[in-house]
Amino acid sequence: MPAQMHQHVTDEMRRCSEECQRCHNVCLETIHHCLHMGGKHADPHHIRLMADCVQICQTSADFMRRGSDLHPHTCRACSIVCDRCAQDCAAMSEDPEMKTCADQCRKCADSCRKMAA
Amino acid sequence: MPAQMHQHVTDEMRRCSEECQRCHNVCLETIHHCLHMGGKHADPHHIRLMADCVQICQTSADFMRRGSDLHPHTCRACSIVCDRCAQDCAAMSEDPEMKTCADQCRKCADSCRKMAA
Amino acid sequence: MPAQMHQHVTDEMRRCSEECQRCHNVCLETIHHCLHMGGKHADPHHIRLMADCVQICQTSADFMRRGSDLHPHTCRACSIVCDRCAQDCAAMSEDPEMKTCADQCRKCADSCRKMAA
Amino acid sequence: MPAQMHQHVTDEMRRCSEECQRCHNVCLETIHHCLHMGGKHADPHHIRLMADCVQICQTSADFMRRGSDLHPHTCRACSIVCDRCAQDCAAMSEDPEMKTCADQCRKCADSCRKMAA
């Protein structure tokens, strides 16, 4: 879109928004994988944390996509949730899907942390 | 539901979740009212702020409804967005719909602030 | 709110919207219950179906709350998903939480079916 | 992710899901553009239709990303909403942003129609 029309949505915001959507997507797919695996993968607290991550990532992405000046507040919440989700997933990183999910959560957390600063 | 089964969702969390959903609903209806009124009601920044409020209220409500221990972080973001939305709506409080919306945003902001503490 | 201002949101739409939100809330809480119970409660297809129900109920509720004339289409999808979720939950209705969830899904399905007609 | 683990999420579903997310994003940005433009761009029914499109696109995307077998029902609703949004935007296609939005809505409608069949 013409740059002058959305000058409130900076390139940095759009990139962070895309990172959040990727994290939303990976977590959404990984929840189903975890439920199929069972055991520690399907621990209620882990599934809940991933569901939290799915939702705050979309919210954070949309605040930036709308060009909202309040996006640092949703980015802050998102970076905290993603950090926690990354830790939980990394603890099962012998499973390549969990490693992929942990990596994306970490990237999203880092990106949101910068936007929240 | 039986209390022992969802001991992680306290009554306080459920009440705050309901406040957030009421705020989500009022803002969603008021956006359409503002667009019909036009003028300052339909100012792009005001509409965007209300859209922000609609979304973070639902996210905050759902974190509590899931019993997430990370709800203070979404409640914090929600209280800030609701405070801003309350201010914006209160500036048009000669219109009873805007007054209703401002009042609900204020209540939700207060409730979320306590949960974030 | 003053009736003349939201004449597009009928009482019937608002009631159905509330039914959808109740269903959203009950399913969201019941997912966590199911994960704690494990076994057939935590079957991946059951959890996914409940997650589907949580999301389409909110979408359907919001379409009506916005007064959208396209709400019959989201109500149709919602009634189908809720019917399926009600069946799945009713199959575990010896558990009172599942019975509560099945009952609310059935009510929401009925309400949405009328709006979709 | 390893194909065998998410065999329920076909490549076709993932592509349609991406189309829906692109449509979600374009509509979300275009709403703000329309509010800034004012006049027919900011007509309440047009803004509401775009808000409908933003929400059903995300819901449809997520059903497919979860691998839900109920995705044809959300895809059907999504294709109808996107078709209507495409029409509305195309009526202002002298504005390149509206043309971009109309084109993406049309692509998403076509993709969802195939998935709903």
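A few points about this structure:
Read from first to last, the chains carry the letters A, B, C and D; within each, the first residue is number 1.
Convention: a contact is a pair of C-beta atoms (placed from the backbone, for glycine too) under 8 Å apart; a residue touches a chain by one contact, two chains touch by 3 or more.
Keep in mind the model is a prediction, meaning the values are calculated, not measured.
Between chain A and chain B, two chains of identical sequence, the interface residue sets overlap for the most part, with shared numbers making up over half of the total. In this assembly, the C-alpha centroid of chain B lies 26 Å from the C-alpha centroid of chain D. One simple way to say how far apart two chains are is to compare their mean CA positions; for chain C and chain D this gives 22 Å.
Note: centroid distance chain A to chain D, computed from Cα atoms, is 21 Å. Under the contact definition stated at the top, the residues of chain D that touch 2 or more other chains are 31-32, 36, 48, 51, 62, 66-67. Shown here, the protein chains touch in all possible pairs. Listing the residues of chain A that touch chain C in their complex gives 31-32, 35-36, 38, 42, 44, 47-48, 51.
Contact residues of chain A toward chain B in the complex are 48-49, 51-52, 55-56, 59, 62-63, 66-68, 70, 73-74, 76-77, 80-81, 84.
Those residues of chain A that touch chain D in the complex are listed here as 1-2, 5-6, 8-9, 17, 21, 25, 28-29, 31-33, 36, 58, 62, 65-67, 96-97, 100.
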